[in-house]
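Consider the two complexes below, in which chain A is the common component and chain B and chain C are the respective partners.
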Partner chain A sequence: MQHVAVPHAQPQQRQFNPYSENGGTILAIAGANFSVIAGDTRQSEGYSIQTRYAPKVFRLTDKAVLATNGFAADGNMFVKKVRQRLEWYRHAHAKDMPLRAIARLIQTMLYARRFFPYYVYNILGGIEEDGSGAVYSFDPVGSYEREACRAAGAASSLVQPFLDNQIYFKNQTPAPGTTHPAHLPLSHVLSLVIDSFTSATERHIEVGDGLEIYVVLAKGSALQGLDAIQGLSELTTTDDGERMFVIRRNLKRD
Partner chain B sequence: MSIMDQNGGSVIAMVGKDCVAIASDLRLGNQALGVSSNFQKIFPVTDRIYLGLPGLATDVTTLKERFRFRVNMYTIKEEREIEPETFAHLVSSTLYEHRFGPYFCEPVMAGLSKTPSGGYKPFIAATDLIGCLNFAKDFVVAGTASEKLFGVAEGLWEPDLEPEDLFETISQTLMNAVDRDAYSGWGCVVHVLTKDKVITRTLKGRMD
Partner chain C sequence: MDHFPLSWGRPRNDAVDAYGTFPIQQRPNHGQDTFSSGIQHTQQPIVTGTSVLAIKFKDGIMMAADNLASYGSLARFRDIKRLHAVGEHTVIGAGGDMGDFQYIQSIMDELMIDEFAAQDGHALGPAEVHNYLSELMYARRSKMDPLWNAILVGGFKDGQRFLAFVDLLGTTYSASTLATGYGAHIAQPLLRRAVEGREDTLDAAEAEKIIEQSMQVLFYRDARSLDKYQIATITAEGVKISESRKLETSWSFAEGIRGYGAQTQ
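For the complex of A and B:
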C-alpha cells in the first residue's frame, strides 16, 4: 500500500510596506521682507546613499517655495499635486494663489489623506500679500502654523535648538534698555543657514552632499548683499514682482 | 522606552584655552513625571577631575560611590592623586567588568592633567554604558538630550575659549538643548575648571 503525504496547510503571512524614510533635512527662516528656504540634496535609504542630488526644495509660484522631507516618493507626488492645483487656480482666477491660501490648501490636501497620509513634513516659505516674509510648517496630516523659523527632517533635533537660540534669542537676556530684533538681516540669516547645515552634516550621517538655499525677496526690496554670495543664480520671471534666487553649495560627502 | 531614559538627564563637557567645563541639568523624573529639580549628576573626583553620570538614577548613585571607593584605594596605594587619563581608564574598566549586565550610565569626564613641565592640560572624555572611551578634542555629550546637545555644540563651540567665554558657550548649549528635551531641564549646574580655581554656578533657565 502506497502512502501519500498529505501536505498540511501552513499559515502564511504576506506584508507590503508602502512607506520608507529617505533622510535629509530642511529649514526655513522668515525675515522682515524676505524668506529663506533650504534643504540638503542627499537622498538615502538605511545606510545607503541613493543619490547625492535629489532636490527637496521646490519653487511653486513667483513668491512661494515648498520644502518637503520624509518619504521622497510621497514628497515628489505631493509637490506635483500642489502645483497642479495652483495651475487650476491660475486658470480660474488669472493670478497666482496668495501664500496664506497655499498654506490652507496644503492643509486640506494633507488632511484629505488622513488615513493613508503622505509620509512627509512640509515647510512652505515665501512672501505674504502684505510683503512680509513668511514660513508655514506642517505635520504629515496637515496641522500647520505660521512661524519665523523651522527645521524638519533627520537632523531637526540638532538644528531646531540652535535656531531657538540664534533666531528667537532663547535663554539670552538683552542688554538693559534694549530688545532683541524681531527679524534678522538677510546676510545674517544666510550665515545661520549655512552653519546649521555644516553642523548637521558633521554629526548626522543622513545629511550632506549638497545644499540648496532658495531666497525670496519681497517686491521692490534691495538685494541686501545677496549679489556678493558665491553660487547664486536668479530664478525671477517678472521684473515688477518678487525676486527669487537659489544658492547652490557643496556639503561634505562622507 | 529605554531604561536609559527612565529618569532623564543630560551632561556635556567642553575644552577651552587652559580650562575645561562640565555641565548638567538638575532633573530627576519617572518617565514623564518630574520628581526632583535638584538631582546632582556631576561629582568632584579630585580637585581637578569632575565626573558626570547621566542615565538610570539608581546606577548614578551606585557608580558615584563605587568610583569614590576605587579612587580612594588608588590614592592610598599610590600615595598621590589620580590623573584624569588614569581615571578615565578606571571608569572604562569598571564599566566593562559588567559587560553583560551593565550599569545604565554614560559617564562624562572633565579634568586638567599635569604636564611634565608643571603646567596643566585640558582633558575631556566620555564612555558608553560598557566603557568604550571617547577622547574628544572639542566636546562630549551624553544623556536624553544628546542629539540636541550635539547640534547646538557643533554650532556654538570654537577653539581656545577663555574661561568666561567657555562658561557662556557651555551654558547656552546646555540650556537650549534641554529646552527641546522633555526628559531634561529643571535647572542646570555648570563647573569651569581652571588651573587655580573651579567656578561653579547654578542656572535657573526654563523651569517647565
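For the complex of A and C:
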C-alpha cells in the first residue's frame, strides 16, 4: 500500500449537536388573586411524536409553578436543580421561598450557564407575598420580567397575539365612557386558556394530545367556580393558605 | 509521523533551538498546538445496532431487538446481544454504537454488584436504572462526549410496569409503546394501533405476536436489520431473555414485481 503524505492534516470532525427541540407550548396568565399556568403534554422531535404525555408544567411549592419549554432534557434537568435549591432553602429557613425570590434564583441559574445555555424558555407563575397573582417569563439565558400574561414555545407566535388582544385589549377601543378591566375573572381566564390550546392544536403540528392547567389561588380567595370544572384535582400540601389545583383535559391527537 | 522535533509544538525549554535558528513563521504548522487533536471528544457511531421495540402488556413489558451490529452498510457482527438484563427486575435494549452500549453494560453490571454488596435489603428497580442512565447520558452530552445510543428501559417491580426511553442527548420519555431508530418511524405506528388502550388486557402470547409482526415488517423494510432476534419478557416472575430466534419471512411476492430485475417479459 502506498502512503500518501498529507502534511499536518487535522482529523475530520463532525460536530455533535448537544441540543434538540421537543415542541409543545406553554402559557401563563395572572389574575388579581390567582395565577393560571398551562402547557400541552405532547413531546415530539421532528415529525415524530415521542410520547403523548410528558408534563412540562411543574409544581415547585404551594404558591409557585414552573413551566418549561424547548429542549426537554435541559428542561427536566433545570427543574430538578431549581427544586433542589428550593429544598435547601426550606431546610435553611423553614418556609417556602417567595415567588419573586424564585424568579431571581431562576435568572441567576440560567445566566450561570450563559456560555452553554439551557435551551429552555421558562414561565413562572404563582402568588406573590402581597397576595397578587404573578407571572414571570424568562429567556434561555435569564433575562426576565413580571407580566400579566405570556405564551412560549412552538405555537407562541399563534397564542401571544391572541392574548395581547384578549388580556391587554390591544387594538380594541373601549365603548365610550367605559374602560377595559385591569384583571379578568378566573372563569374567563380559563376559557381563554382552553381556547388558546384548542386553536394552537388545530394550527400547529407540535401541539396536542393533552392539556394541563395549573391554578394557584391566593390566601383566603374563593373557589370562583373552579369546583364546577371537570377533571379538577387539588394539589395543596401545606396550610399556608394558598391553594393549588390542576385541570387535566384532552386535546386532539392528530 | 513528523520526525522534526521543532514541528512538534512549542519547545519546552531552551535546550531545543536555544538561539531560534528556525524562525517561527517558517515552521510548518506554526500557530497550531500539535497536541490539540490528542483528546477526541465528539465522535460518530461506528459499529451500530438498529431498532429496539418494546410494549406494555397485561403482566409486564416485552422488548425485542435483532442480533445484528452493522459496520456502515456491512452486516459485520451477526450474533450481538442488544438486550441486557440489569438485576432481577430490568432489561435495557439499545440501538446506536455497540461499543458504547457494551461500555454501558459494564457500568450497569458494576452498579448492580455495588448495590448487591450493600446488602441493605433494597434492589434497584427499572425506574432507578432509567434515572441513573438518563443522568449518565445527560452528563456525557454536556461534556460534548456522548454515548451514542438510544436505550429502552423496561421492567417490573413491586407490581408496577415501567417502560421508558433515554438517548444520547439525555432526552427521556415514557409511553405504552416505544421504538428506537428506524423502528420509531416504521414499527411505532403499528405498535400504537395494536397496543394503545389494551395495555391491561393483552396477554403474553398476543404481545409476542404483535412484537413478532413488527420485527418482520422492520426486516422487510430496514436494510440494516436481521431476521435473527431476541425477545425479553419482564414480569412479576422476573426477567427472561429468549434464545435467538429466526423470523418467518416470505419473498414470493417478489416474483410479481415488474420493472426492477432482469425479466424476460
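In this section, the second predicted complex is superposed on the first by the 241 of 254 C-alpha atoms of A that agree within 3 Å, B and C clash if a C-alpha of one lies under 4 Å from a C-alpha of the other, contacts with A are read in each partner's own complex, and residues count from 1 in each chain.
The working rule: contacts are C-beta pairs under 8 Å (C-beta built on N, C-alpha and C of every residue); 3 or more make two chains touch, one makes a residue touch a chain.
Please read these numbers as outputs of a predicted model, since none were measured by experiment.
Asks: Taking the superposition as given, does A:Q230 touch the first partner, chain B, the second, chain C, both, or neither?
Replies: After superposition on chain A, A:Q230 lies in contact with neither partner.
Asks: Applying the touch criterion given at the start, work out whether A:A72 contacts chain B, chain C, both or neither, answering first, second, both or neither.
Replies: second
Asks: Please determine whether it is chain B or chain C that touches the greater number of chain A residues.
Replies: Looking at chain A, the partner in contact with more of its residues is C.
Asks: Using the superposition on chain A described above, determine whether A:T238 touches chain B (first), chain C (second), both, or neither.
Replies: The answer is neither, since A:T238 touches no partner chain.
Asks: For A:E202, is the partner it touches chain B (first), chain C (second), both, or none of the two (neither)?
Replies: first
Asks: Let me test your reading of the model: by the given contact rule, A:T173 touches which partner, first (chain B), second (chain C), both or neither?
Replies: After superposing on A, A:T173 lies clear of both chain B and chain C.
Asks: Residues on chain A in contact with chain B in one complex and with chain C in the other?
Replies: Common interface on chain A, chain B vs chain C: nothing in common.
Asks: Which residues, counting only chain A, touch chain C once they are in their complex?
Replies: Against chain C, chain A makes touches at 7-8, 10-11, 13-16, 18-20, 22, 43, 45, 48, 50-54, 71-73, 76-77, 116.
Asks: Which bits of chain B are touching chain A when the two form their complex?
Replies: 147-148, 150-152, 154-156, 172, 175-177, 179-180, 205-206
Asks: Sort out for me which residues of chain C touch chain A in the complex.
Replies: It is residues 2, 28-29, 32, 37, 40-44, 134, 138, 141-142, 144, 146, 165, 169-175, 184-185, 188 of chain C that touch chain A.
Asks: Going by the contact rule at the top, pick out the chain A residues touching chain B in the complex.
Replies: Touch residues, chain A against chain B: 155, 157-162, 164-166, 170-172, 195-196, 199-200, 202-203.
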